[in-house]
């Protein structure tokens, strides 16, 4: 049970990464590699600030802002200086590697016995259960700390999902979604599509950094290497989400990304449990994404089998 | 509808199999009109397999009949089934129906329309006829124009002429409207020199004889001595203007000739004034690109399938008729000439010996002319458009003699 | 309304591919007029339209629209004054978004984009009402992605979007050229109706001379980056397709009249 709760928690935290990437990769159609750097940025900045005694909430918020700044720079590199989007992302990601080392001062910061964003929730749980350290969930004992992290992640994630959905449905959000679809049309409607790209990348990388901050707090450390391959994981999650419930609407797409991430983490947890060498994990993920990209019909038919095929009618 | 045709002597027998109704009427009429255009002026419709004839079908038969009448041909319907025959009779076209084929029709299929006659039929009109040339050439391009350089020319029946002139009767107006003209037996076609305007024409009527103020003209008086007809055969699909001129020389046995051609066009190459020379005042030489404001060049072989009325003069080197208005033809530099052509929408010409003036009249009574060109032999390497050429038609010609000085 | 003063544009200057797409073109369009621009391929007609729309900046010249100098305005800024329909029926709308979402974007063309829900029920009612006038049955499909529609339907919607807020100037860039004949006729008809009802000032580039004659009240002909003919008022009412063809022919003949022809005529033309 601990394993499942853990997978769900990581899944919920990383779903913020997926949501961020949903904005860049899917909505404005920008292949943004900054992600690998900005998730570490969020983790390292929040870790350093929490260690320095800042409020975990404030640290997490600042991580979000730092990620936004990184995304904004990538956007400016692309739109202002006409650098190809992939190269712009690579430049920013590479720069962030050094920046993250600078922030942390070393390659790894442990976060032991420090307050996190879930601390308040944990206290509440402890008061409610009257001091028990563990709670029975479906007959399995689960530590209150784990439950607290899970619960707060769930609340945060749901909140952000709803906010994002509502935001994307506003006038501004509608134009943002159109930007990736047809920049020409967006210009013809009087909107500077370059500004939209910069804003979207800022929002996207802000969410990614937020995910990184929460991940560091959950894992109890920030590592300069932790971002490697995160982009591919996020992509895999998005693909699974789309295969699972499709992309017929905005709410569906966002829910799909969240559920996809959770399922992906569960699959990984199961695979690791069955003896998959953790070092092979990224290879397997890359293969998975490769297959998903070259066989577009595969997942669609898979989801049709799951849901009786009526969804796409 | 299935149409099969068979040449039998001068007749073309067309067997129609199917229904001549609204669906097929246009196809049927167009096919037959095409035959008429190609010189088959005696059509017989074999209606044995014709199962139905509607009013639309009757209308197409009327179109064909009208075209055949205009070239004095004949149109018969044979072997018609009772229903078809009754329809034709009741609509009042009984004269088309025939019990049997005409007696003089050859019993066997023949290969060609005129197998028994020569490809170019020649008719002698008046062996002693001659044309007398007088020249008006007071103006040379691109001199400035003054009233003393103009000349008033009138066009009675016996005059054939070409040149640059205006139909206005005073110099002040005329100087704005000098353009190419062609005159054949009191029928004058002229091109007002404006880019947008169509050719205009003057026709002698009652006491009226057309007159023009001209600044350049080659004017021939007299009558034509010969007429020859030309039409394509197996290997020759069209006749270039210099081939026709060669035929004119050999027909008239003269070193200087004038000729009128009425023929279906294969392609015309030429130039036209688009601004009256009277409007110019300064320089005598017109450099490129200013020349483009004055002359328009066809740029392509034009007017295929139209009918052209051509008047020209050609002389061999040995001839004593010489003038700066006659320029060497690139196709044969031994020959000099000057040729204008007026272009009309297509109308079929009758076969055989036909009258020049009557046919010119017929054209001017029909749809208006579309263009008037000074024909040019474009011998530029690679991009050259070549000479004007014609598919089939008639050429009237006569020897030419000099008359000194002005008319 | 629209005043263009001597704008020029040369693409790939000083290379073998140099194209002098616009050569000191000046044009004044009066308020409420519907002008058609015709011309051969590469005549500069679309380039002129793009110069007005702001797709690129001309090398020289000035453009004022409704009294405002707009030559330095970027494309998106000009959209506040200009409505556009493109040749490609897919260029004017966002394929993956719904009909309603596409239209709701056009309802605030050139205006601020507030953080309020865009497609509300009341907005949808307003949209359905206008879409119903297209008589294409699209009012029942407002939540379908616009990419599922045919080219003609999308172009009709793009036209509706471009004119939802009355533009100072409507630019139509061969907007029926990529449609099948039936859809093209329908969109043409729609164009005429909308422009008449809303009393719009419009500039239309077209390949179809028939369309130019039928729809517009002024026809400007371009060739090699220059305006070679301008039929307006009484002249336009008189002009028929065949006249336009002849003018084209004349312009092209002039083009073919080069130095070698001049030499030829010097030898042979008397």
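Note that the chains are named A, B and C in the order they appear, and that numbering of residues resets to 1 at the start of each chain.
Keep this in mind: a residue touches a chain if its C-beta (ideal position, glycine included) is under 8 Å from a C-beta of that chain, and two chains touch if they have at least 3 such contacts.
What you are looking at is a predicted structure, and each value in this text was computed from that prediction instead of being measured.
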{"item": "Innermost chain, taking as reference the mean of every protein Cα atom displayed", "value": "C"}
{"item": "Two chains joined by the most C-beta pairs in contact, as defined above", "value": "A-C"}
{"item": "Whole-Å gap between the CA centroids of chain B and chain C", "value": "46"}
{"item": "Inter-centroid spacing, chain B versus chain A (mean Cα positions, whole Å)", "value": "85"}
{"item": "Contacts with two or more other chains, residues of chain C listed in rising order", "value": "none"}
{"item": "Multi-partner residues of chain B (at least 2 other chains)", "value": "none"}
{"item": "Chain C contact footprint on chain B (complex, rising order)", "value": "141, 195-196, 216, 271, 287-289, 291-292, 295-300, 324-325, 327, 330, 338, 374, 376-380, 383"}
{"item": "Chain C residues within the chain B interface of the complex", "value": "243, 246-247, 250, 252-262, 264-265, 267-270"}
{"item": "Of chain C, residues touching chain A in the complex", "value": "53, 74-77, 79-80, 83-84, 86, 90-97, 101-102, 104-106, 108-111, 113-119, 161-162"}
{"item": "Residues on chain A engaged by chain C in the complex (per definition of touch)", "value": "166-167, 169-175, 177-178, 181-182, 184-193"}
